[in-house]
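Here subunit A shows up in two complexes: once beside subunit B, once beside subunit C.
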Partner chain A sequence: MSDNLLQDLLRQRGHSGRFEPQEALPTRKAEAWKYTDLKRLEKFGWSVWLAEDSHGVSTLPDAALKIEGAINIVLVNGFLDRDLSALDHLPLGLSLEAGPASEAYGDGFTERLSDALTQEELTLRVDAGKTIEAPIHIHHITWGADADAAITHAARVTITLEQGAEATVVESHVTASGHGFSVPSLGVSLGENSRLGLYSALMERAGSSQIGLADIGVAKGAVLDSFILSIGKGLARREVRLTMAGERGEASLSGAYFGTGDALIDTTTFVTHAAENATSRQFFRGVLDDRSRGVFQGKVLVREGAQGTDGQQQHKAMLLSREAEVDAKPELEIYADDVQCAHGATVGALDEDQLFYLRARGIPEPQARALLTQSFLIEAVEHIARPAIRDVFRDALAYRLEGDLV
Partner chain B sequence: MATTDTVERVSALEAEKYRYGFSTDIEMDFAPKGLNEDIVRLISAKKEDPEWLLEWRLKAFALWQDMPEPTWQKPDVPQIDYQDVYYYAAPKKDGPKSLDEVDPKLLETYAKLGIPLKEQEVLAGVEGAPRVAVDAVFDSVSVATTYRKELESHGIVFCSISEAVKTHPELVKKYLGSVVPYSDNKHACLNAAVFTDGSFVYIPKGVKCPMELSTYFRINAQETGQFERTLIIADEGSYVSYLEGCTAPMRDENQLHAAVVELITLDDAEIKYSTVQNWYPGDENGKGGIFNFVTKRGACRGRNSKISWTQVETGSAITWKYPSCILQGDNSVGEFYSVAITNNCQQADTGTKMIHIGKNTRSRIISKGISAGRADQTYRGLVRVLPNASGARNFTQCDSLLIGDKCGAHTIPYIESRNPSAQLEHEATTSRISEDQLFYCLSRGIGEEEAVALIVNGFCKEVMQTLPMEFAVEAQKLIGISLEGSVG
Partner chain C sequence: MALLKIENLSATVGGKEILKGIDLEIQPGEVHAIMGPNGSGKSTLSYVLAGRPGYEVTGGSVTYDGKNLLDMAPEERACEGVFLAFQYPVELPGVANTTFLKHALNARRKFLGEAELDALEFVKALRKKAKELNIPDEMLKRPVNVGFSGGEKKRNETLQMAILEPRLAILDETDSGLDIDALKLVSEGVNALRSADRSFLVITHYQRLLDYIVPDKVHVLSAGRIVKTGGKELALELEKTGYAGYEDEAA
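Our next item is the complex of A and B:
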């Protein structure tokens, strides 16, 4: 293995995309990676999973998120598994295809990494005016031949809702065996007056790393409801680029994260208001325990001419341990005057009074802490507009907290 | 005929808009233009520096040469030709011993500026005149320092830094560069190499300074950058309020101002540092104007100490500074109150840093930004809580007001916490002047510009209230003047 991990991966992939010959992973000197150190990736000798490799996943792993009545689509190590996926009886108006990856968007490191590593692209389309009632659940599963296996994979999913279409998509990330360094990308396009619920659950095991990207465009009158639940135990960075491209679009982008051990959870959002009278809402909550680290970088850009913009953002974090750390960088960049933009960010600890109250009623400290942590994070989960998904995510969060705090 | 008429009217307007735009003809003693080691040595020799200070300057200069220009800022900073600047320019006469000896033309300049050089009243025997000690800086050299006697009777040292190097070398050597090291950043590094003057204040143990200390900076000679260095030390249990106000003559050339201000508070001491900055902002098209690149930082070294920064920034083509507090002592307090107004083509990138190191340290940030015309403004701030800063507390509020659809307002806070008992709160808003408020004023016969000034003053009230009285009055007027031409 060479000392340049990035070049090593590109060599294995046989495609260097838009990377310079000597280019390496970004360091903390780069502003966008100021708080997220990728050095931990160097602990493993990653092997890039190729199309011809075969995996041993025969059923959904125990760790997988379960949603009743969902259309399950399963990707193992970045490739669609037709046997595990319910492709036969897709509802009318929904189409799904897997094919070679297209080139992506933007010049950022994550975009270029995704471009270079992605081999297969899954294309999901909802026809104009159609409503898909059943949630579409895309499972991203990392599988290694043994516990020490270190697999690199990159899946790309594009979701297109034509005019007036409606759908609910859940994408979850779990580890079946070994550990993964994954670079999933999502390209989402909401047509005029369409409605999409887009929910992500990042639940990978310790030692795993993920640098994910979601690029979302919201057209005129379209409504996006989205949520990121980040409760994995490794490094999980999710970059969301949301563009309010049409008048009166509405977007809710929320999330909750919980870090333990050495986890590093990074949520980096970039909301661009490019059209008039659009609304964006961001609501994030995070709790960090042990030596974990939380990063929230959220930017709202209002372009010239995007009058009547309403852009709100809130991030609240709580530290439970002396060694935990949280870094937040909420950012406003505004070039139009008729706007209502605000962000709020707070960092604090568990309220000692509340803790005392619970303990005075006979609840042992660990349970009391878990209860308070849960109620703090659930406030974010409540932002999920689809009740069925809200329940599933609330339970997943509760299960994760119970396993760790009690 | 019509053309001449217009030209005259326009130039009359220009003069009106920048009331303080004139220059005084005084003989200057220049060092040649440009910067090299010889110039650094020359400045050092002119200032009769001790050996250690010369060495410090040379080290800074050597480092500066290798330091790249910063590029992370929001403002578009033109390439600065450091070789096209005079680094030493001083009034030719030797330091005057009293006000009588001060060049009358200089006093005339201050009189024209309407600067309350209050001691004139005092000298004229006016009873009850507010006592404000002024260490006036005219092109890099202090030419008049008053109230020395009264201050001396309290053991307070208030003099130019070059004088302090001679009279209090132990203090200067101990504290100079201890808050802003010469290696801190490109501009602070340049300042360390070539600083010519600035103020030095030492408040001894237990002394509450009986008057507000004030320095008026003016940039006068064409193409002389100002490299002030201010050092204020508040010893245990002492208190001082320091005012810094700036006006500069109208010039076409961009002028570089790279000052450094260092504040140190020991146990139970407090420093209140207030600034009103109204340097020439350039004309409507962004021609000319001052580059205000200042490194201001205070260290709360002692327990229960406090540093409070207040700034009203209305001038300069580019304002780029972050008055900061390093809260080392347990229970120490840092405050930052700021109003920044940018109009026409002005750019500002300003804010603060609060570094919480000691236990139960507290900080408060209130920033009000007003952007009009084609101006662009950024609040950039850092609140960092280190692992030992148990019980640290921060509150930050950044509000931006936009006037017109061609300007920009940006907010970039960094919030870093490594202690679970710390409580940090940050909130920011951006909006425009409320139509309702404007309508209310207009319907009562208040002109549009006046109404805007009124509303903006209300928007800034929280900050203005922290300014010392006489400064607050001046600053309120400034807000009105700065926003002229931004509406209608």
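Our next item is the complex of A and C:
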């Protein structure tokens, strides 16, 4: 290990991007990282995975999310694996290519980190007017040669839906072996009147860390339905920048998270309304047990001229243990006068009346707790508009809860 | 042997003494009614029997089927066959009625060492019983008690009782908030469950319910004590005189 972790990673990568020579990872003194401490990254000596390295993944790992009828695209340690991916016979209107990475957007730490570390970019495009029926499932897999391996990787995926196109994309993150420190980035562009279902499942094992970024633009009349299921056991931060760029665009950005052990789950959203009569809906639910921590930083910015904006945000968290903690910071910034915006954030514990009611019907306390926890989170999962994906996510959540609570 | 034997039971809620020495014995197959003014301790007695946290027993004993009921967790009591029909049934958003009932029934079967019920068998049995209580299928799919009317909630409690087949059913003001049609429906549901080995403790403020669920014995509870016990005619007498005399007696 050298002077600092960030510089060490940049040196391994052979590219310092937009970082200063002595710059280090942000500390909690930085406003954007006030609640998310990156110190835990120092527990491992991370190796940056390079294009010439070869992995040992021959099939999808057991931990992978399975979606019936999906077009599986597999990235191992940030690189497209052509053998594991269903690249032949892609449906008409869908194209998929891997190439050198472009630049990300903005100059925040996460964007710069992603730019510096990303080596390959996967570009997915749906032609104008085309509907891709089968869900496109992008698997992000961390693989290490042994249980102690600590791999750093950064994949970039860009998704472009041309005018009137329609698609469903799931991106899931799992650990096959070892630990991962990943910096995945998503650049998503919804053309006029296009419709995209975009669903993320973060399910990495303890000791893993992920700092992810999604930058999404919604053009005129386009409809985005998105969901983030964050049920991993390590650190998982997801920054979402959503821009309502065209009039009458609609976006649902929701999520559910569940933390155990010393998991840290951070959802940081920034929704910008830059056009008239667009709608954004954020509905997040989280449950934290043990010593886990949750962070929700949600900002809605309504620019001047974005009249008729309807922007709603709700975050509710439930703490199951005295040592669990959640920090919520909702923000509204409005520069237009004809808008409907509201945000709500609450933190509570399990409802004792509900718990007693279940127990009075013979359901043992641990099972009653699990049932109530699950139903609390499922209220968020119900926001997923695509029934097939909703079922898969509901099952994944139930499986995770059963593993720890019953 | 009595199914339920309460001896000199006293209990506090939030440090305040509510029950002040209750004695009550219920034989298998008997229906007992407990009547009393507001604040006499009726609901407290039902919660103490069901094991609600926060209700602290400070003296006396409760023997159920020869076992110390007060030693058991709420879920154990339920699995042993004690059922409380809540005065205010709790809403469970996100938990479908059917799922809830299945969990409850399977928990009891597991406790009794029986195999879990096959899903198809369960739904069939549930639909049959729901139909008898005029509960539409749609209500079975909805989250437990969410958006239900007062009458629907009480019918739903009765359905749970019918499915769980308790040995001791405690009905806590099941008649409150019910119109006459709903009251008849719920009473029919309860009467259908009456049997030689199932006992009921019917808690009510009004005599009206006892026209439909006819008790073997009526007890008057006042200021935390049973001050009078009689046959079903005692309820009618109370209807005429009100509780005024009993409040004096207890004071």
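Here is the rule we go by: the second predicted complex is superposed on the first by the 405 of 406 C-alpha atoms of A that agree within 3 Å, B and C clash if a C-alpha of one lies under 4 Å from a C-alpha of the other, contacts with A are read in each partner's own complex, and residues count from 1 in each chain.
Simple rule for what comes next: a contact is a pair of C-beta atoms (placed from the backbone, for glycine too) under 8 Å apart; a residue touches a chain by one contact, two chains touch by 3 or more.
Because the structure is predicted, anything quoted here is derived from the model rather than measured.
Superposition of the two structures on subunit A leaves subunit B and subunit C fitting side by side, clash-free. When the shared chain is aligned, subunit B comes close enough to touch A:345, but subunit C does not. In the superposition on chain A, contact of A:359 is made with subunit C only, not with subunit B. In the superposition on chain A, A:388 makes contact with neither subunit B nor subunit C.
With chain A as the common frame, subunit A serves as the apex of an angle whose CA-centre rays point to subunit B and subunit C; its value is 80 degrees, to a multiple of 10.
Of the two partners subunit B and subunit C, it is B that touches the larger number of subunit A residues. Once the two complexes are overlaid on the shared chain, A:87 sits clear of subunit B and of subunit C alike.
Touch criterion met: A:326 reaches subunit B, while subunit C stays clear of it. Smallest inter-chain Cα distance, subunit B versus subunit C, after superposition on the shared chain: 15 Å.
Once the two complexes are overlaid on chain A, none of the subunit A residues touched by subunit B in the first is touched by subunit C in the second. Residue ranges on subunit C touching subunit A, taken from their complex, read 50-53, 73-75, 77-79, 84, 86, 89-95, 100, 103-104, 107-108, 111, 143, 160, 164. Only residues 31, 304-305, 307, 317, 319-349 of subunit A touch subunit B when the two sit together in their complex. Here subunit B touches subunit A in the complex through residues 72, 385, 387, 400, 402-432, going by the rule given at the top.
Those residues of subunit A that touch subunit C in the shared complex are 352-354, 356-365, 367-368, 371-372, 374-376, 378-379.
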